[in-house]
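The structure under discussion appears below in the form of structure tokens.
Going in written order, the chains are labelled A, B and C, and every chain counts its residues from 1.
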Amino acid sequence: MTGCAGDQLVMLNCEDQLLDVVAALDIRDFLMASSGNDEECPLDVALVEGAVLTRRDEEKLNRVRERAKLLVAVGTCAVWGGVAAMDGGRDGDRARLLAETYGPTGAAYDSTPARALHEVVKVDFNISGCPIEKEQFISALSHLLNGNAPLFPQYPVCTECKMRENNCLLIEKGEVCCGPLTVAGCNARCPALNIACVGCRGPADDANTTSALAMFGEKGIPRDDIVRKLRTFAPMEGPGV
Amino acid sequence: MKILKLPKNKLDFFASVVQQFGEVHAPVEQNGQFAFQPVRRWSEVRLDYNRTILPPKKYFLPPRETLLQYAGDAGYVPVMEGLDKKIVLFGVHACDVYGLNLLDLVFAGAYRDPYYQARRRNAAIIGIECTPDEHCFCRSMRADFVEQGFDLFLFDIGDYYFTLVGTALGDDMVLATGPLFEPVSHQDVEEYKRRSARKREAFRLHVEIRDLPEIFEMEYSSDIWQGLGERCLSCGSCSMVCPTCYCYEVADEVQLGSREGPRARTWDSCLFATHALVAGGENFRKTRPSRVKFRFYHKQRGFVAEYGRPGCVGCGRCIVACPVKIDVVEVLNQLRSVQNVASR
Amino acid sequence: MLPAADVPTYQALFTANPYLPQMARIVRVYKMVKDNHLFTMRFTDSELAQTFQCKPGQFAMVSVPGAGEAPISISSSPSRRGVLEFCVRRVGRVTDALYRLRTNDLVGIRGPYGNGFPVERILGQDLLLVAGGLGMAPLRSLLWYALDNREKFNKVILMYGAKTPADMLFREELVSLVDRVDATCLLTVDADPTGTWKGHIALLPAMFDHVQIDPANTHAAVCGPPVVYKFVLKRLLQLGFSKDRILMSLERRMKCGVGKCGHCSVGYKYTCLHGPIFTYWDAINLPEMV
């Protein structure tokens, strides 16, 4: 679908395991990695990256869904809509947006409000992340090959951050760190490097956005700033968000 | 008990001697906080630390560890490599020693955890006396002093560390230093008692734990839990930093293209929605308030029922680590309907 | 309770490293009811297979390589050695993977865990088993234990209700018990779409009208969906049962089975160590129990 192809790059960057991946899978259709692709054959698993931003995306996704027994959304765009959906899909007036951006020719573009895959078709499994984590990708494949669902942590980044014994940017420095709301799996990569979590993996299972907004508010951070930040990668649930 | 004293200015020499008993780990500063880390230079060790981000539990129940390996027809094989590595934890506070003593209760019993036990066997503990700060309430939890669980315990008495020798291994450490340790005098003992009394007076937080389990039963339906549940972010921080939280998750990984792979355990938290979720979708603690309540309840009621004392050491880590300022002392005193008061 | 001299030798296998499963093969898969198959398993180590002992009501941790491990109650009676039977409801990751396995495939088993039914307290007394729906699975070991040690118990009564005959677990073997003179086996279904059911067609609590029960001398083991507890417990209390003579089997999430991982906490107790069998008195005193 529409995206930066960063997740496909992660797949291709699994250098140590690439040969195992190729040996374990019969890859039929992978445009970025292969010149000869079969765009019609039935598939056991379809890994789909990107968000649905055009009618062409939608048609293509529907075709993939028909071909595949299992459809896996790969990357935050596919799972949550990603940066393209940061307006929450609420800019109903697409025509005005296109005109403002591209001028009179804008009307000719095939452009729809960004949607995550699950808003268009049934998605069986999600591998979130911007980009996805190599380890999670390999782990998901391994489990799927055994007929088992991929197994990922549902808890927030804070948990992994504490496991690594990082300093807390939220509490110690008062930064807008999205760790408490963002699903783990990255091993708190950014906070370990002293960078506040931007929430690129999308919300945790049980994110308490209401309380988090109040917490940031108490730190004197304007509500709009927080909401914008929380919406960068995914529509965070919660009243008024 | 053997009681000696160690000249303070010889501490670094003593630390160099204990290296022969294992890799020395001690609190060092990390951007204004502290963490137990392998000591590279003794000068970076901060024995005046308040609390480390993670308690020493990380050495015995690591955040992630492989328990078994599934190897096809050979079945499951225990993965025990590295468990025999000798370490010396230098500068452990009484509350953390107490915390390990509590974990010992959990990982012993009819089913001894061989991973935890092996690591415990191979670690020496050198305790050090500390001064309570605004989050410490170890005295309320009877964890401000420990009678056991250390090989040596050092108390600052001015120019010397008043030293309790807890085990034969501790005694070996003392002997390995040659004539470094000196006998204590009557004045030293008096100085120890003076400082001990002063420390007692220094606590600013107090929780009465007598009949607290029963008060938990009485306040099981209290409104307190709803409010706390609405605030809690379910971020798991309090559980990760807790010296007595031991819940863990177990999951199998598989090597790509096979059914073989490791079975690993990872720290877990009862604040997560999945904690009491059974296959089929039934969740015995569906709501956040019920999970927050459970965490407190288990520490102050469940642990007492099982092991005869609260599963809390009063280290204050959860207070420091909570992004929404849920404060265990406040909660417990609120349950008791008393103000936070200084102890006497 | 095992006599002290009869401490099983296999136990060392499961205590040296309590997390280490022993391998077993699937001997038979019997499709009892949809998504409720009976798996017969046998340890590959034949000495272990022969010496493994458990109490009725205990459970084991069953591993499916690559998928994980789950607690499953042992459905076979300890009085029958050699193999273990598990009535497995297909309900999650591990059981799903188990359903994909075939006869002769390997699984891991460790245990037995939990307190089991307090049979020593019931010896010489009456035993009443009340099961609804899938609740027969954890009671079946106790039923057969009692029947195989018939002289140790006074009356043995089973009341089992299912929606239809097709939903009845262990139907053939239970139907064959109806004619036994040394036990009362009351089987009932809510409805019989096939018209071939020869047993009762009534709701489970109606079975109480068919037997004489002496509450002061009886222990009742109850298992089933919440609606069963609701009506059966009420009936038992009306009959005058003491709350600690009513026994229930609980299900909780478990990752270790040996009191470490924390998941099966119910109130202030661990289901794996203090349960899975609790008295109704326990249930009243443990929050979040039912």
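Going forward, contacts are C-beta pairs under 8 Å (C-beta built on N, C-alpha and C of every residue); 3 or more make two chains touch, one makes a residue touch a chain.
Just so we're clear, the structure is a prediction, and the values are computed from it rather than from any experiment.
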Most centrally placed chain - per-chain CA mean versus overall CA mean
B
Is the C-beta contact count larger for A-B or for A-C?
A-B
Take the average of all CA coordinates in chain B, do the same for chain C, and state the distance between these two points in whole angstrom.
39
Chain A and chain B have mean C-alpha positions lying a whole-number Å distance apart equal to 37
Per the C-alpha means, the centres of chain A and chain C lie apart by a whole-Å value of 44
Shared-contact residues (touching 2 or more other chains) in chain C:
66-67, 93
Going by the touch rule set out above, which residues of chain A reach two or more other chains?
143, 146, 151
Listed in rising order, chain B residues that touch 2 or more other chains are 251, 254, 259, 261
For a test of understanding, state which residues of chain B touch chain C in their complex under the given definition.
67-68, 70, 73, 75-76, 78, 106-107, 109-114, 213, 220, 246-252, 254, 259-261, 263, 265, 268, 270, 275-280, 282, 284-285, 290, 294, 297-298, 301-302, 304-306
Interfacial residue positions of chain C with respect to chain B in the complex:
15-23, 44, 63, 65-70, 89, 91-95, 106, 108, 251-253, 255-256, 258-263, 265-270, 287-288
List of chain B residues in touch with chain A within their complex:
30-33, 35, 52-54, 58, 63-64, 230-237, 240-241, 251, 253-257, 259, 261, 266-267, 269, 272-274, 288, 320-321, 323-324
Of chain A, residues touching chain C in the complex:
143, 146-149, 151
Complex contact set, residues of chain C against chain A
66-67, 93, 96-97, 100
